Amino acid sequence: MRVLSNEKIALNIYSLTFESTALLLESLPGQFVNINVDGEDSPFFRRPFSIADVSQDSVEIIYEVIGAGTWILSTMAAGDSIDIIGPLGEGYDLNFSGSKSILIGGGVGIPPLMFLYNKMKEQGIELQFLAGFKSVAHNYIPRRITNVQYSSDDGSLGTKGYVTDLLTESLLNNEVKHIYACGPEPMLRKVIEIADENEIRCSVSVEKVFGCGTGICMGCVIENSLKRFTETGRKYSLVCMEGPVFDSGDVNL
Amino acid sequence: MRVLSNEKIALNIYSLTFESTALLLESLPGQFVNINVDGEDSPFFRRPFSIADVSQDSVEIIYEVIGAGTWILSTMAAGDSIDIIGPLGEGYDLNFSGSKSILIGGGVGIPPLMFLYNKMKEQGIELQFLAGFKSVAHNYIPRRITNVQYSSDDGSLGTKGYVTDLLTESLLNNEVKHIYACGPEPMLRKVIEIADENEIRCSVSVEKVFGCGTGICMGCVIENSLKRFTETGRKYSLVCMEGPVFDSGDVNL
Amino acid sequence: MKGGNQDRWEVDFSIELGDLTLKNPMLAASGTYGYGRELNNIIKTDEFGGICTKSITPLARDGNEPPRIAEVKMGMLNSIGLANVGVHAFIQDKIPFLQSLDTNIIVNVAGFTIGDYVEVIQLLEEIDGIDGYEINISCPNVKGGLEFGSSAKSAAKLTKTLRSETDRFLMIKLSPNVTDISEIALAVEGEGANAVSLINTLIGMGIDINSEKPILKNVYGGYSGPAIKPIALAMVQKVYHSVNIPLIGIGGIMNAEDVIQFMLAGATAVQLGTVNFLNPTALTEILDDLVAIAESKGIRKISDFKGRLKEWE
Amino acid sequence: MKGGNQDRWEVDFSIELGDLTLKNPMLAASGTYGYGRELNNIIKTDEFGGICTKSITPLARDGNEPPRIAEVKMGMLNSIGLANVGVHAFIQDKIPFLQSLDTNIIVNVAGFTIGDYVEVIQLLEEIDGIDGYEINISCPNVKGGLEFGSSAKSAAKLTKTLRSETDRFLMIKLSPNVTDISEIALAVEGEGANAVSLINTLIGMGIDINSEKPILKNVYGGYSGPAIKPIALAMVQKVYHSVNIPLIGIGGIMNAEDVIQFMLAGATAVQLGTVNFLNPTALTEILDDLVAIAESKGIRKISDFKGRLKEWE
């Protein structure tokens, strides 16, 4: 596929857009693409990135440079050809209840929620967006996404502290039917704890190292509590194929 | 080391200059440098190149792009850092007899002879330079090197045909004491044949795949006729350390 | 005939594996192509000459605890540990799709005892549309399973038993983690194996120096990918000079050149493994490139490459 | 003390190998550092903790016919075939320089019969300045030589004989081309070996599809370089849990992280092999980087890394 743009949008964070295929136009929030950044050389595995937006002719991902793979990605320029497969995985459930939802994300866990936000807005769903960043320099949420409450580790953006504190606060004042979360594992665990306490349905997007991203290597397992057979026996689910979005009750994070 | 320049000087042929070290300033014609073009990735081995010239502050090599290694080399730019070791190997014998010599080279076998030419000129040695190219488009010999007789495969430069035909011709008219040759193996074999017939001393620069270029892998062997012990028993010499320049009588090409 | 002399070079890709005819010499390697369905929207699975399924055991298996895959340079380590749905769910949920495919279906069978293998095969014998079995005696990730693959005697014994259970195509998948792989190939040939496939993964390990832990929870894992190709090629060449049954070459194949290398070394067919993770449409590209290579060499029948390795004079 | 708190972190690099004390845990691997002199103008050879010489045999050997080296991805194949000057020329021409070095000299010895090994060692016993022997029972490039390395029985027998010939440090270099490397390590430990070094090269092969010839005239060669590191690490870990004598880890080490990985897996020291071809000053860089890693972990004694591998909870 052809890279359309690749721009730095925040500290160490880039937005990359590439030509869409018909299949990719059908992508759903929570689904991901899997990118081969360096042929069969190291980094060997493909690198997965959530789809941040799909427009008529292009797909956007937003990524942070944290290692060799994302570094190579950051060196790509418009016109370069890039080896991308997708959309992959099961995204967020879009049968919105109609009642109030909260989207909560941390760092580069936010892109799939941005995509979800668009879909919800299209359907007129009432929602609240809670976003946590390390600092204001890391914020890349575009202005068109309004109604965002921010937290940051250093207080340079929104409230100083954890984004999950915003969640607790928010639940004091609002009746919420569904929480959609994506971010680092400790954050997700806390979100689930809060959702459980408040008996609110919670969908989380989980990250594991992916060997294939297509459900064939059986490497990306997460313990489940489904009590039924999955592709890999009974105890595990495949994050890349049965997820990355799970109902929080179905998996043991 | 730092690349100073890297320029295309003929069809698929580049001149690369880099910062010299004190050691490299002492380089002799026929010696080579060994370049690691891609860390420990493929191409795995270093790539050897004859030293084409040494000036006060820089060393020049001239190379043809024929595979992955030389392709990567061609993408380097002034200011890039490059992993080069050298000078390596034994060069041409510089105890010139004083009497007439012939330098004969083909294609990218010519760079070490250009360096040798400079040293001979400094010492006022009388010489003839015979150079064979595929076509005029491949000629990169600079104008300051005068007195060159050319041949080319397609007749677009000098005589059409083999550079060894020029040699035969030249020997008819001149008394020659020493032939210095570098180029493809079939050419070298023909040069040696002619030198033997005419009982002229002949020094050839030989190419083999080098694993190390420093005499430690014992991979780059050539059969010798030395009848004495070498580093690798009796039958073989190491091209990278005992050569790449050999007296034609010492090796079986 | 469009384009006159622009015609595509015609290559007969079919190869013979004992009584089986495969439409081309590329099979999907066990454990790297799921149950055939997963990638079917990315590549038509039945472009393969055959599919070797994930290893099937009598009961469903969760496999080892994660992390159970990790990347290394030019390859990966896995300690999946034979995770699979078990033979019953396999028959019920997976076979129908496989049967619908226009390709050869080889069911890979694994077990901890001879009885395990027999149990799986007896159940599968009842099922149509299975063209043969590949016997995994070489999975290094489970205790016990390795035994069959690491001695000629135990490999022979297992082969003998399974031969008496089925008339179908029976292929034994050899372990590279042995002193003499051709000894084992000879032993299973002697007991009626129709083919051998090689190699399974090499035992490997990686360590993260930050956490000071192995990169796999299981410590050891199976090493696969391009890094193992030189070892696999050497073993294929060695076994080719030892047995008469067909060889299926496996190990680090990424492209058409690799396929030709294995065929030159003596393989009748090959399996694509780890490459499916990196490049799910590798097969399509390989088929195209094989045509180009065959044309450049004037070859019309892909099987002509087999064992064609030349000697240095 | 310049620069106040800018002091360099101090690391005690010395390690104990039986009775030997090495100033650092990096040795030059046999066959990849010549006779110690070749690179001495590029790197001070005696920065190494020790030098393992090219394998020495009773008579000079030309080695195999070329091509006898070839590159593959992330590694190389060699079929040098024990080319060396022979023990007599070694003593006359090579020993004096080695003796002049401020490092430990381990002479690597190879042979085709037990008598060959004994002959070389008896001659070397007369010579001062040799700190020990490394016994190459695992060179895959010559017929016969492999025998000692591929069975516990023959390895034990050879070790026993050599033990009776010398009181010097005696290290057996193990072959990875076996079913159970720890069985062989145990056997040589039982006969008095002071250490084992592992691994030697894996048997590999490459094919050029244009010429349709093997890339080595000898067809098979020894595979070395980064590609074999996961296999070497697994073997070191396995042997570490089987024997009590020190292990010297070898295989694909390119940098300081690799050195730490081998030490975590149980190696007391390591050898740098193929990396010397790519980067003759690797050792100097590794020493620097080890200091940085040790500092980041608050470690003052390099030997503290040995066997420190943590388990997953």
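We call the chains A, B, C and D, going by the order they appear; numbering starts again at 1 in every chain.
Assume contacts are C-beta pairs under 8 Å (C-beta built on N, C-alpha and C of every residue); 3 or more make two chains touch, one makes a residue touch a chain.
Note that this is a predicted model, so its numbers are computed, not measured.
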Subunit C and subunit B - chains in contact with each: A, D
Touching subunit A and also subunit C, the following chains: none
Which of A-B and B-D has more C-beta contact pairs: B-D
Taking each chain's C-alpha mean as its centre, the one farthest from subunit C: B
Centre-to-centre distance between subunit D and subunit B (centres being mean Cα positions), rounded to whole Å: 36
Distance from the mean Cα position of subunit D to that of subunit A, given in whole angstrom: 48
Cα-centroid distance, subunit A relative to subunit B, in whole angstrom: 58
Touching two or more other chains - residues of subunit D: 72-75, 226
Sequence positions of subunit B contacting 2 or more other chains: 41-42
Arrangement of touching chains [line / ring / star / complete / other]: ring
Pairwise chain contacts under the document criterion: A-B, A-C, B-D, C-D
Residues of subunit B touching subunit A in the complex: 41-42
Sites on subunit C touched by subunit D in the complex: 65, 72-75, 77, 150-151, 177-180, 202-207, 209, 211-214, 217, 219-220, 223, 226-231, 233-234, 237-238, 257, 260-261, 264-265, 293, 308-312
Complex contact set, residues of subunit D against subunit B: 31-34, 38-39, 42, 54, 60-63, 66-76, 78, 80, 83-86, 89, 225-226, 254, 275-280
Residue ranges of subunit A in contact with subunit C within the complex: 36, 40-46, 83, 85, 208-209, 211-212, 214-222, 229, 231-236, 241
